[in-house]
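Down below are the structures I want you to see.
Both of the next two complexes hold subunit A, though its partner changes from subunit B to subunit C.
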Partner chain A sequence: MNEAARSFLRAIGAPLGAIALTMALGFLLVASITDEPVQAYRDLLFANFDSLGNFALFLNRATPLTLIALGVIFSFRAGVFNVGGEGQLYAGAIAATVVGVFFADLPAVILLPLAVAAGIAAGAFLGWIPGVLKVRLAVDEVVTTLMLNTIVLLFTSYLVNQVIRDTSAYGAVSRMVAKSIWLPPMPGVPGATSGFLVAVVLALVTWVVLFRTEWGAQLRAAGINLRFANAVGVPANRRIISAMLVAGGLAGLAGALYVLGIGHRFEQNFSPAYGLVGLTCALLARIHPIGALATALFYAMMLNGAAYMQISTDVPRSLVNLLTGLLVLLMTARLRKSGLRG
Partner chain B sequence: MDIQSLLASVLEQSTPILLAALAAMITLRANILNVAVEGMMLVAAFTAIAVGNATGSASLAFLAAVAAAILMSQLLALLTLRFSADFIVAGLGINLLAAGGTLFALERFYNSPGGLRPPSFPDVWHIPDGSLSFVPFLGRILEGQSFIVILALLAVPATAVFLYQTPTGANLRAAGEDEHAARSAGIRVGLMKALAVGISGLLSGLAGAQLAMDKLHFFLPDMTSGRGFIGLAATLFGGGLPWMTAAASFLFGFFGALGDRLQAFAIPSQFVLMLPYIAAILGLTFARWRAHRRNRPARLPGHQTT
Partner chain C sequence: MTDNDTILSLRGIAKTFGEKVALKRVDLDVRRGEVHVICGENGAGKSTLMNILAGIHQPSAGEIVLNGEPVRIPDPIAASAHGIGMVHQHFTLVPSMTVAENLFLGRQPRRLGLFSDRAAMVDRARELSLRYNFGLDPNAPVGQLSVGQRQRVEILKALAFDAKLLILDEPTAVLTPPEVDELLQVIDGLRARGRTILFITHKLREVKSVSDRVTVIRHGESISTHRTADVSEADIARDMVGRDVFLVGRKGDGAARSFGAPVLKLDRVSMTNSHGRLLLDAISFDVRAGEVMGIAGVDGNGQTELSEAIAGLMAIQGGAIELCGRDVTRASVAERQEAGLGFIPEDRLDRGLGVTMSVAENVAATNYSRAGILRHGFVDRGRLDAFAASKIKEFDVRGAQASTPVGWLSGGNMQKVVIARELERDPALLVVCQPTRGLDIGASEFVHERILAAADRGHAVLLISSELSEIFALSDRIGVMYSGRLMRVLDRAVADEATVGTLMNGGEAVAA
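Up next is the complex of A and B:
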């Protein structure tokens, strides 16, 4: 085995271990509930490929996860612990919806880019706040992003309930965005959003930008050792802020593409904690963009497959929520003992 | 509504926030940002209702709730301190595990994903009406409150005494302020952090028990609805100081009580509910800004400082 293969195996060893342990614990749990644990697990993972319709829903789940994970990668590579994916996602979704609802009379050529740009800008703005506060005043970004998540969720709840609510529909949902700007389905897979292709392309772009451009190298230098980066003349603070702009922008784009391609309106509960799961995907992939695409696909399989599992066996779909919790809890743990006495 | 009954309802609603804030405060002093209070509260609330439903005993339900939260806190301590998992990530994992686990248990054991509402539930001890009539003003506010409210009020001076008047508290703060120096001084940093997480589990357990057992007597998925994070915000706004944290908790609890009532005056409740989180960001920013100004190097003429 050559050196590259060995270091690759070392890199994916710990996350694969966490996934394997979680899945094994989940299997024990499932086996205690149903007589057909194998059937349940098959449906959880592979029922996504049983029909084109299932496959489409699976891709729709993978799209926001991938985009949020890519955003998280930009911020983590720059050394910013950005847990604000959920808020940035909601900001992007509500901004695209507001534009799509209020300017429905504009021609689609103008309205579509406008709605997408509004989503990106709203997400980027939310990334900018913790970025600037961290760089200028060393305010802890974990706190600001966490608090901003709730602030944005409350703000979108206000907008969707009091301003753009569809009064004929049940629950907190907005009016539909103009039909002219609905994204076309993916070629060959009706029901799947073409936004997924955007996510795949952006994963490749992220890799190129981070690892093959000077800008990306400077961004990573700021994340690895800030004082060293500053000392050798890297404009580290500016790179950190732009990393947060990109991170928020990608999560905002995820929200905008969700509205334009999947939901066609804003629903207050459209995200099953996509922000946190996207962060999980990024960390499981060792904050690598191509790896994050893979982990996002894996997670989308579980999130979507849970419904099929619940239908075919009597295992509740909330099993996936439980497994996610276990995985997040375990995934940064190392087997190396650090010792309480340390 | 007269002022005393308003204050009594604010006190009752603030209690889970106060306990969550003290839970986050203890770990913050050991230099741990505890985002897992929310999850530990939720587990305690669920355990309280489940055990109370099964045994019909309020004291068993209360003890089980607190024990469950402490157990969760020690799971977190084990993974972060012994297996060096990241504290924020593992803490968020605890929250997801709590939300997912309680929902799973509701579906699996009670076949009701909407929540658990026992037809009858044992009542916890409340201060009897009229027993405090000899205390002017405050008596009427305290009458009818559960014993957990009293525990929460006592927890404020208790944590203050613990942190500032006991050797263990001093060691805990030392471990939080400078880990390496504390270690050189012979303080068992890992143990201090595990202790801080354990105490925060105890306080989160009280918070969850109060939430589920005081008046409601039922469990809903996600019934903590961000109170753990409001508590965290209160701690950050209060700068990790016990009395300031308590004051911030009551202020935020008051916002919460206000949010429900302002709906009638066409002020959207969402904006009032946002206030704790905005206050936390502004408070932290202001504190950093002041520290920044104090530590700014003197400006030399013709020389630009960055």
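Up next is the complex of A and C:
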């Protein structure tokens, strides 16, 4: 057990060190911009916890990030470099919206599961396409997932502008989904979506599936070495496609939960590049589901904290992009080093 | 001590890479004009020592005395200035260039000190090749040469620098048996011309046949130096491993062994690649229960394809494969495993293991339900680790715990993990490919014992190896493959190395 504890410490020591170093460098930077660096940094890190309202917004940010990161973890563990999180997210959001808008008369017990299922299915379908193309025709998944992102974004833009637009509102937003299927807020935190609880549970489920089932072991074997997986009788192609179905499904669920729990409608600009940030969260967590929950919370804190910091001081919120970029740099440098050791 | 006879002495050479001690203390005297073999298991530090002589590494301690003078060898250029030439374990030739261009890469003869003089270069290359009787065409692109010919280019490259002391780092590892014989002759010829040769190997047969003296290195220390004539193979093996070694095999027993019914039947199995080239040409044979069927052949004559066809990893275009009475011609890998297939692939890192996964996950890969690792459908970590621990113990996997990434182990211990996994299913047929490639004596001994034990328990074993001594030591029958064809199947009793060697090169055997 001592051995396990030590390896756990080593595993989290590196990311914590990188975060601490990033924060220290960031502080120097902030100090060079503003007269009140302490205030700026306090806002960046702690304004999220100033009020229940801020805390709710923080959890709402973390929810889609966690779910997308979990999806990315499934696909990466199966050896698929899936960068299609954004498209899968949008597909899930639009599918849930369409169901929630057009079948508003159905009773909630039917409509809610239907909307969620539609979101999952739409995302899963978007994951399935690059998965099958990779397995059957050896088409590079980076290209297909990136292209699908563009296609889906343009397609949802068409739908929201031409088909389900709320003409009484500004901007490209759809009509509201039936109020009966809005998700309840999280107990004790009004304004925070209960979708966050779903994300937490799914992080645990992902860990169990990947590391405590034979199916997960086979999926990882396919990702680590396809020729090895084949030789030990793993149906590797099927596992890869399944992983992409799950990956897309999780990102689709992120979209559906956003619509049902936070936006209550489809907004064309609802995502500040959740797909990309979710991918970063997964990588920083070394494609580990529990770690991804932590990195998603960290990113949510930074994204929202930057806004508070910009309001109260004259530090631009884009500082946070710089900091997160720096963090990625430090973390990957660290990854290379540990890679060499192996 | 450094009299005229001694060209090179090393005194207390040590080398550490960070925390890793590659060489602890090596003393070595090399006499002018001798062939001196350095012998030791994988990882003993042979290459590191030679790289120090070649100026690639700097020693952490110790002294190098060359021709009576203490020297420093800061880089490879200094090494060649001292007359030391090295042929590396891994070739360093440019495949798209010709033999002559490779020989003089970076130091072409110049005309007017500026333009490279191609004609002079080709002439010199031809002359060199003739002088040493290497039979190389100076204008042939290196990429088109056989492995043995490429190696001769490497040797010639060192000689073109006028190396007095030639170092060959495991030159025979990549060669076929006839090529090995040719190389040994080349070395004889060089000795006759007064060159001094340091020859690295861990194969005992070569030590005996080529060398004047032999120095054994174990765990970074020089253990002993003997005149080769004074020691037996077993003596050298004992020094290498540090204990008595039993070279296992069927050879001695001579007792007629009885076999069961055929477990594997191949009927005119054929395979073509996407360009229509025939990789397997109507191969038919049986392997019976309790029997070791050896397949000999030079690498690349269809053995890999044969093993992958039987394992279900490559599709065949003609013929049928039957395993334990079931037609598995079109069956998946998993179905064949179900029918009784165990498969030890030729490349552990490529097919045999997921190197970044733990020892436990590798050994459990095909055995989750069989070994009772699952509880209510979930992997029970305690049972997984216990299963791995029992296999680590049973198969003597050194330096491993259940959670160790399997890629951290040495080659021999990785191979033990593969074998442990495949034997767990108690397969009726065990297909074993190049099982001791890259393993040291101790590990090879262990692997051979396991293979024979499997046959004794009534498993059918198909052993595919390009190592003739292995085939002869273990097999009850020997098939020889050449160019995708199964040339002949011989009973062990009537097979001899000459016949099999001829067949391996495509020649018709004269003897039966």
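We take it that the second predicted complex is superposed on the first by the 293 of 342 C-alpha atoms of A that agree within 3 Å, B and C clash if a C-alpha of one lies under 4 Å from a C-alpha of the other, contacts with A are read in each partner's own complex, and residues count from 1 in each chain.
Just so it is clear, contacts are C-beta pairs under 8 Å (C-beta built on N, C-alpha and C of every residue); 3 or more make two chains touch, one makes a residue touch a chain.
Nothing here was measured: the structure is a model prediction, and the numbers come from that model.
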Once the shared chain is lined up, is A:Thr213 touching subunit B (first), subunit C (second), both, or neither of them? second
Answer with first, second, both or neither: which of subunit B and subunit C does A:Met147 touch in the superposed model? first
Does subunit B (first) or subunit C (second) touch A:Ser51, or do both, or does neither? neither
Which partner does A:Phe228 reach: the first (subunit B), the second (subunit C), both, or neither? second
Looking at the overlay, does A:Gln162 come into contact with subunit B only (first), subunit C only (second), both, or neither? first
Would you check which partner chain A:Phe81 touches, where first means subunit B only, second means subunit C only, and both and neither mean what they say? first
Which parts of subunit A are touched by subunit B and by subunit C alike? 342
In their shared complex, at which residues does subunit C touch subunit A? 311, 313, 332-334, 336-337, 343, 345, 350-357, 361, 364-366, 368-369, 374, 377-379, 381, 403, 405, 407-408, 421
Quick check: in the complex, which residue numbers of subunit B touch subunit A? 33, 35, 75-76, 79, 81-86, 88-90, 92-101, 103-104, 106-108, 113, 183, 188-191, 194, 226, 229, 232-233, 236, 268, 270-271, 273-274, 277-278, 280-281, 284-285, 288-289, 292
Going by the contact rule set out above, which residues of subunit A touch subunit B in the complex? 33, 81, 83, 133, 136-140, 142-144, 146-148, 150-151, 154-155, 157-158, 161-162, 273, 276, 279, 283, 316, 318-342
Contact residues on subunit A for subunit C in the complex? 7, 208, 211-214, 217, 220-221, 224-225, 227-235, 342
